[in-house]
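The structures considered in this document are given below.
In what comes next, subunit A is part of two complexes: it sits with subunit B in the first one and with subunit C in the second one.
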Partner chain A sequence: MNATRTIFAATGFWLCLGGVVLAFLWHISVGAKAIPLGVVWQAITAPQDGVFDHVVVRDLRMPRAIFAISVGAALSVAGALMQGVTRNPLAEPGILGLMAGATFAVIIGIGWFGLAGSAYVPLFAAIGALIGAVLVWTIASAAPGGATPLTLILSGAAVGGFLYAIESAAILLNEDTFRNFRVWLSGSLTGRDMQTYLWALPWFIAGLIAALVIARQVTALAMGEETAAGLGVDTFRIKVIALGAVVVLTAAAVSVAGPLGFVGLVIPHVVRLFVGSDYRLIVPFSAIVGAGYVTVVDIAARVVLAPVEISTGIVTTMLGAPMFIWLVRAKL
Partner chain B sequence: MTPDSPLTASGLSVDYGDATIVKNIDLKIAAGQITALVGPNGCGKSTLLKAFARILRPKTGHVTLQGQPITSYATRDVATRLAILPQGPVAPEGLTVTELVAQGRFPHQTLFRQWSPGDRAAVERAMDMTDLAEFADRPVHSLSGGQRQRCWLAMVLAQDTPLLLLDEPTTFLDLKVQVDLMALLSRIVHEDGRTMVLVLHELNLAAAFADRIVMMREGEIVAEGTGAEVICPDQLRAVFDLRADVIADPETGRPVCLPRTPDHVPMHALAAAAE
Partner chain C sequence: MKPLYGAFAAALVLFATPALALDCDVGMRAFTHAAGETCIPENPQRIASLRDDDVTTPLMDMGAAVFATVSREAEGGPRWVRGAADILGYASVADTGLIDLGGHNPPDVEAVAAAGPDLIIMRGYQIDVLDQLQTVAPTIVMPDDMPFFDHMAWLADAAGIQDRFDAERAAYQTRIAAAKQRIGDPGAIVVSRFDMWDDGLWYYPNWGAIDQVINDIGFAKPALQAEEPEGFNGMSVERIQEFDGDVMLASIAPRWDQTEAMLSAQWDGLAPFWRDLDGVRTGNLFWYERDIMVGYTFESLNRSIDLLTVVTAGRDFN
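After this line comes the complex of A and B, so read on.
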């Protein structure tokens, strides 16, 4: 990176961050009763007891905006890491089975172990994400030609469909337990409490830090394993750390919002158009842009058919699927 | 051969899957020279190169780098002494030439010291040597094959290592571009005092530019020496199963091999038959 590019990147970063702050405030101001941005700002910076709007902002609306920001950043960074390390432009937690595995594990944890609202939810999600990834990869490797982008997608679709079927059956058989999880299963930021988020928070932070630390090595890995090894990258170690970060980020996101499809696919590709191929830029920009994206999408999910609310996951999938089709045509 | 070879293999065997690809090889790479590894497809020359760079672990035997076992170095320390360019590398879409070349500085950087004036100087020098300045801000994938290969070469040059290992750097290039690239490699080695090991497909290119040639067949070294010592009709028949005549280049005196088809009848025999 030369000096002009560094200044350019820094300016862009602060602009995007400003955009996220605006989206965050806008997200809070929108709702059954619109609250002016000025009041939202006041409620956050200088809250007063007894002012009804301030209570609405702080207790009801702000948590959801925080969930949106965290989940968007986590999934986008996870997607960026996966695409870089595997050199597969279609890699993403949703497509390659991590999200399905995490969702499945959470459902099982709640249904069998009564984990609803427990600190173990992210752990269950992480184990599920890891198993999902390994399963998809193993099945794809057994296909003729091995684990290519195409066989991985097919294997991911099969594993995802299978797990979803079991989840649906489990939910039908035990409707009482899962009453609150129907919506969660379609990817939603409603109905989760701050406590669940606080349990997931360390996972978000750990994953994001790991991603930033290995960003430089991921750029080298994106040029091929042997090239990276020749440059002095300990490729095995970096792949293990990357897998860990991806699993942790996916688990945290799923714990809070359920499966939000295609966020991890769309955002890194959009970011690359602007910042190029250096993961020292792709990782932080994916975090910021992903945070803004999910926040705006969640605003849309709440207002487009108001007073009816659609799941955020439905909107991300509706926006992401065309992008997926375009990527298949352009890159495979 | 200089006594203190910077890179040696002794009793080196490398497996790939179930097959042993490199079999019990002893080789000392000559300092300050170009050594070309040649041989038919699948003879183990690329595998040997990767074992030299510690990308593949040997089953038996060992590699020494600058007199010490290569396994005793940290990964990063290997990469400051030895650079390898694998076969047919692919640049991520959108990466510019300067960004690619800057990747060569990776082993010289740490998380907290990422870009120094020394790095900048090394990148500029590498781009200078490979004549890439005019493409500095262009995306690598928009360049021609020969230009792209120069970018990769610049990346390993920026790594600033005394040893350079290149796997088939001329494959898929036009003949003129191949010759230009080989001339560039020759300049780098002889003017910059580096040591280079090349895997080459093209025998005549190896004969014309390499100081030493190592001929391999089925994982073993069959012949080793200067081009004139190694390239002869009997050797070509034994190693490549190729019928060929070898003549001396009238200008350089280096051997040139002229492949013959199995039903080839020499000109003088035709003339005799006509009489």
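After this line comes the complex of A and C, so read on.
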């Protein structure tokens, strides 16, 4: 990168980061309960245990904003990596079966086998995401013409539908056990507990670090496998690391928020419009913009029908689905 | 001439209307229900109920001639009748002595036909099989979302036991009057129904017997609940303070393996500050068994009166 571009990128990065901070402040300032801004500020700077408004800000809104930031960053980076490594503009954890696999594994592992405890959630999600990804890839590869963007999407839809059918059957057979998953399954940041987040946090961090480390090689891979190999990239190794990062990031996000659709699809494309095709920029910008996006979307989920809240996943899907349709028309 | 034509037309409609009324056989009468008007027996003796909790159970409670009912599957146990199991103490459908018609959604038309009812009572969500059931026996569709006593009165009317209903209701009014006297000034006590699930707070007004009793005794309610016409779920827990009350009533369903400890732990995860509410801090959060207290029976009303009297009478909430 030349100096001008570096300065431009750095300025943009800090501006986006500022945007995330503003989104965070907005998130903790609005909600079903009207709390004056002065009280919000007091809750941050001089909290008092007995003041209910302070409790709302610190115990409800702030953790939820942190969850939104983490989940947004994770899903966006996962989507960016998938699009870069597979050279598939429609790749993202939701469309290619990882989210369905992660959700399925959590439902079956915790609900069916009764392995309760927050610590297990990311692990089950990761196993499920990996199985989902491998299944989709295997099925798509077996199709005539191999794993093209179209066969991957079709395979993802089939695997997702199949896993959803099993989930539905499991829930129907034991509605009481699975009643607690109802909201989580719709992709929601409501009522998430900090313990689950803390167990998922190392996964978030590991996935993001891995993505940043391999960003340069992913740029090469996005130009084609032969080009990347010609540039000295160990393509197999980078693909394995990318898969690991994507699985870990998806698992962490699903653990905290359930399946939030289309975040990983929308954000990398938006970021690419501004920073180009260099994954050294796409990855960090996706993290920041994705964090801000889910934070703002979650504000909408909380206030549009206030005091009743709707699932964040409903809003991300409503916003992401048109983008998906546009991409199918434009890029397939 | 135009006014003359108008008058003629009006007279035609007026005189024609009685001819449109349902002409029922001897021993039958016209009965208006959610899907129209049907001739039903004046004194039905073999009523088939296609909904257990809000049709079979109130009919049994009022002593109607219900003889067949839908039922529910139990994991590792006999089929059971929701409502009758918890309110009336019948552990299984066999214990009720009623013919088991199987599941309710969709109802098994062949099982109903085999039972040979003289009246079938169904709910609106089952309307797809109405035409088939009409060939078996007179079938009526219960209107949705009726207030408690309208619900009971409608069933009593259909079952031809209006006198029994009137007597039960009079006894209930006497018990309400006695409860009011014991409590003193119920309007000065704020009774809040407090329920929280993983998507937030929820509240439905006119929720079966418990709400009927709260209203009839005349307790005050939190403004949010008093002003809510339709109910809601998924309200943000940020509004939890508006659910505070002198007495707080939380529902629990032991039948579905819910325990107080389990729900409390779930609430701690959602909104740990629920324990700071005045009603909770002062030890005035009480749990009531949902399947009993929201049931459509006089037994549910009586138990609700008992609960509310015990937790409020002779106590100072100031």
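The rule we apply is simple: the second predicted complex is superposed on the first by the 319 of 332 C-alpha atoms of A that agree within 3 Å, B and C clash if a C-alpha of one lies under 4 Å from a C-alpha of the other, contacts with A are read in each partner's own complex, and residues count from 1 in each chain.
Please note the rule applied: contacts are C-beta pairs under 8 Å (C-beta built on N, C-alpha and C of every residue); 3 or more make two chains touch, one makes a residue touch a chain.
What you are looking at is a predicted structure, and each value in this text was computed from that prediction instead of being measured.
If you put the two complexes together on subunit A, you find that subunit B and subunit C both fit without a clash.
Applying the stated contact rule after C-alpha superposition, one finds that A:A142 touches neither subunit B nor subunit C.
In the superposed model, the vertex angle subunit B-subunit A-subunit C (Cα centres) comes to 150 degrees (nearest 10). Looking at the shared chain after the overlay, A:S277 reaches subunit B, while subunit C stays out of its contact range.
By the touch criterion defined above, A:A32 lies against subunit C but remains apart from subunit B after alignment on the C-alpha atoms of chain A. By the document's definition of touching, of the two partners only subunit C reaches A:V56; subunit B does not.
In the superposed model, A:A119 makes contact with neither subunit B nor subunit C. Of the two partner chains placed around the shared chain by superposition, subunit B is the only one that A:V233 touches, whereas subunit C remains out of contact. In the superposition on chain A, no contact is made by A:A169 with either subunit B or subunit C. Closest contact between subunit B and subunit C, by C-alpha atoms in the overlaid model: 43 Å. Of the residues of subunit A, not a single one touches subunit B in one of the two structures and subunit C in the other.
Here subunit A touches subunit C in the complex through residues 31-33, 52, 55-56, 59-61, 174, 176, 180, 182-184, 188, 190-191, 193, 302, 306-311, going by the rule given at the top. Listing the residues of subunit A that touch subunit B in their complex gives 1-2, 84, 87, 213, 216, 219-220, 222-224, 226-227, 229-234, 272-273, 276-278. Across the complex, subunit A is touched by residues 50, 53-55, 75-80, 83-86, 89-96, 98-100, 102-104, 106-107, 109, 111, 114-115, 156, 159 of subunit B. Within the complex, the subunit C residues that touch subunit A are 75, 197-200, 232-239, 241, 256-257, 266, 269-273, 276.
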